[in-house]
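The two complexes that follow have chain A in common; it is paired with chain B in the first and with chain C in the second.
This part shows the complex of A and B:
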């Protein structure tokens, strides 16, 4: 408590109210516009008054656009991303914390570096790799001169090619490579008693049994919170799905929403339908937050009691 | 005597360490080659200051650390290359290391579960051990709901439920408060008397060592300083290190010089008769010093500590500190200079350089009680 003065209270309340307005205003505008007809919007612009057309607009989104299949794509991408990230982070943190590995510190530093180099920064190189996942190998072969050697012996250099653009795998894989989860699990493992691993070994449990019987149940909440956070970030990804998928049937819902605005000039977008689509697309993460907000908070706190 | 008592007594195994050594890299040797035999059913306490390699030694026996050289033989079997579960050892850890998400019963039964013991037998053995350790009412609780002493009992239960040949303790009492530590010490001693398992107990606490051990192994920088019964170690320390480590307050060590017939302090005071020349270290326990009985050694009192049952006088003679333990009720004028005498039978003589004890320096110096004991 800073000061219990009336004037400060009032000022704080006003500030809070402005903040709420700032956040809730656009949400309200979305909902109210989504509930009006296209004609109403053409006449009046964005609607501040709720109408009765919400379900009709939603129906239009479901029947006339590719949002449903794009939501399925989003679902696949977000879910697989969350699951793969959880498993990968869990295993890498396990390796770093519980085994005496040479260069463990360096490996951990490299993993942390991915946090400082998000996908948005390396989107072009990621695109290059995704368009041919063998391109790094080809580059190494070229660079080391191995390829010219191979060319001399077999007549042609090795040039492998496999594109994962426009596939679910291509959408998911670049999102999975992220160090936050490893960091979270590492921090959690470090709070556990050091002798736990030894005790399990004395009890006859090997590394795998220790992982499944002891570590996994203990890390349940960390697992859940990381899953929720990664799912949400996967669902709301925009840049990479935009670049990584070019056919409408492979795009994710967030990208699909943006594409609902017609490219042609002069045509007024069907904002009520787009808003209804936005509401639909937000329903999934919204439900998720409502149901699992306990884990969300724990995940943000990063460590357990 | 229940079934599990006899089973553990029967399983108890001898431990032979043959040239066991440990180093993490070529330069730093944690433990130089050690040869020692821990007898079947014996309670051995490994005692030493922190960093002396005692925990490493224990973990090498357990199989949690690899040996760099030498052999470990448990019950006639060479085990140094085996996994912990094949060595027949169980361990109690300093911070209990209980599985936080499992109940007391599950914690104790986990090793049996891993070994594939049937559910019915697991329940039966958990019930037996829980009864023996007074944990029967807590079986469905999680470790977080238990007190420190109860947790420690669960950790012990988890160790003995497998009826191991060897029980290893890694400073198990150091996390408890003083009262509980005392109670657990008594409990451990009783348990050992009951089940007779070969036990190795690592600690840096001399009281635990003196009260629990059949024999104490004193380690200093990985070397065995002395391996003997508590009484023998107290009355016949093999080196200055042991003499200073055992006893509270520890033994006084005075630097003296021999002229061939008498040992003298730096200021020329004669303290004992000894036919040796050169530098020596003379040891005498604070409680063995006789005060004001026509003694010839002068010392100045610097400070007195009243501990109720007795008093500790911090004094200085010939620029060397000398502690004297006085029985309660003896009136001392703290301003005066004390005259002391050192009873010849209670003196310990050590070599000046190496600090090793010189046996029978003052004739047969054994107190009566030790003679009886041996």
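This part shows the complex of A and C:
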């Protein structure tokens, strides 16, 4: 189609340039300030030009703070969150789509409802559950009267106690309890031709063989998309790791970064060092986006179709 | 074995496949949601000090608390301003990036970057950039003292929060809206062009109507997002201040529950916030969903 679209193309270019500036500007200022000394920052404020102190500031972060071990925690949380979400969502979507079960619709609705109320809203009571993951069981035993029966027979009621606070499992599990992955895989399964299933059945493939030999290879791209998406989401979590881990050595890097800023007013904080920390903490997810952007974009689109 | 059966029949395998995820979801989603409502009818003592049924007293206490209403008001204002901007800005960018111009390729790449930066990280960065003494506004503040100070002026602090929220929200909304725009068949544009609609006109007569589903979706998700994810920004940029002027509900719940140990109050507010979020989504589906033409 040939037409004169000069005015709109110029407007669009200007708009995009502003958009890019808005995104890159703060990142550039972070990097340039991270490469200046504290004295420079005190004299000149934020740095418009990069200096030579980047590695010195990063060294300060690595040696004087808990960021390195917290980055390891972030890595464990993000990676496990992504892996567990991929596997569990794949299995549950498989059960919902390919099995004749009467309660498939109910199960899917139960899983999907988790999208409505994010973890940040229910953090108070999630914390209580995490502080004793058997508390629901204890409550059920108490409520049904089973515990008084047990008390009569054995002399003491069952009161189990296990806290997952301050553990990697506790940081990860509430993140996995989410329906996006199941939704994504279900949508993918529904796009596959029905004949695929029939052909596999005719060749005598059972449920497990169909799952492993046919669905798994086909779903590789969906896996990659979901993995990138949940990895980034795990890495960037803030409120849950903030309350779910109380010792610095169990906290994640993002929480550790926020704690670098002193609470009290007074002396100007060592912003170059803090910005160097921000650079370090964002390095892993940004690299991931640069390398796997295709999957990220696809994941974002698929997860909301 | 009948070949026409298009589904597996198995007694325990599907249950086994679903069990791990359902167990996690029950434990870390349904139990906490239930408990928030349950506790809102009890007076909970912190650290397992027992509880006492108090009926609607918690609700009475929360609803008669001026602080609660102030936080709710701020949440609604933030929701309306921040999420409107967080959809409209990516919408304009997506329409621009959908055109075949040189800038659209770098833009499609760069505008996704914020997805990898945690809300708390960008909060720390924005707190520095908008710092009244050493930040962007430092030189201007030296010339006109008191022009910009998020540490004293609640409006300045609020603007900083909105700017950071829009920054974080660009990737998701941009990607969704751009995908919607790119799925519009070229024949639609050609037909509109034949009818004499220029490129500007087609934005309003072709593109916007046809991406209504995506636009609707981004609004629904953005409303919830702006209510919850703002926590990281508040905690790192303003700490709820100055003078409580950026204490939104999600932050107040955290402060009441984890710093004030008022579990009943925090649970009651959680319950109210949950009902609010669910009602909001229901309303949007009901009112907006009906007026959207999904046909292509």
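Throughout what follows, the second predicted complex is superposed on the first by the 280 of 305 C-alpha atoms of A that agree within 3 Å, B and C clash if a C-alpha of one lies under 4 Å from a C-alpha of the other, contacts with A are read in each partner's own complex, and residues count from 1 in each chain.
Everything below uses one rule, namely that a contact is a pair of C-beta atoms (placed from the backbone, for glycine too) under 8 Å apart; a residue touches a chain by one contact, two chains touch by 3 or more.
Only a predicted model underlies this, so the values are computations on that prediction, with no experimental measurement involved.
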Kindly classify A:190 by the partners it touches after superposition: chain B alone (first), chain C alone (second), both, or neither?
neither
Is A:217 contacted by the first partner chain B, the second partner chain C, both or neither?
first
Partner chain in contact with A:201 - chain B first, chain C second, else both or neither:
both
Considering only touches as defined above, state whether A:291 meets chain B (first), chain C (second), both or neither.
neither
Thinking of the overlay built on chain A, is A:16 touched by chain B (first), by chain C (second), by both, or by neither?
second
Where does A:232 make contact in the superposed view: on chain B (first), on chain C (second), on both, or on neither?
second
Counting residues of chain A touched by each of chain B and chain C, the higher count belongs to C
Per the contact definition in the header, classify A:177: touching chain B only (first), chain C only (second), both, or neither.
second
Which superposed partner A:109 touches (first chain B, second chain C, both, neither)
neither
Going through chain A, the residues touched by chain B and also by chain C turn out to be 194, 198, 201-202
Chain A partner contacts - residues on chain B that touch it in the complex
59, 62-64, 83-85, 89-91, 93-101, 110-111, 114-115, 158-159, 170
Using the touch rule from the top, collect the residues of chain C that touch chain A in their complex.
1, 3, 5-10, 13-15, 17-18, 20-22, 24-33, 35-36, 39, 89, 92-93, 95-97, 99, 101-104, 106-107, 109-129, 131, 133-136, 138-139, 151, 167, 170-172, 175-176, 179, 186, 189-190, 193, 198-200, 217, 221, 224-225, 227-229, 231-232, 235-236, 239, 250, 253-254, 257-258, 263, 266-267, 270, 273-274, 277-278, 281
In the complex of these two chains, what residues of chain A are touching chain C?
1, 3, 5, 7-9, 11-13, 15-17, 19-20, 22-24, 26-27, 29-30, 33, 41-42, 45-46, 88-89, 91-92, 94-96, 98-101, 104, 107, 110-111, 113-114, 116-118, 120-130, 133, 136, 173-174, 176-179, 182, 194, 197-198, 201-202, 207, 210, 232, 235-239, 242-243, 254-255, 257-258, 260-261, 263, 265, 268, 271, 274-275, 278, 281-282, 285-286, 288-289, 293, 296-297, 300-301, 304
Quick check: in the complex, which residue numbers of chain A touch chain B?
193-196, 198-205, 209, 213-214, 217-218
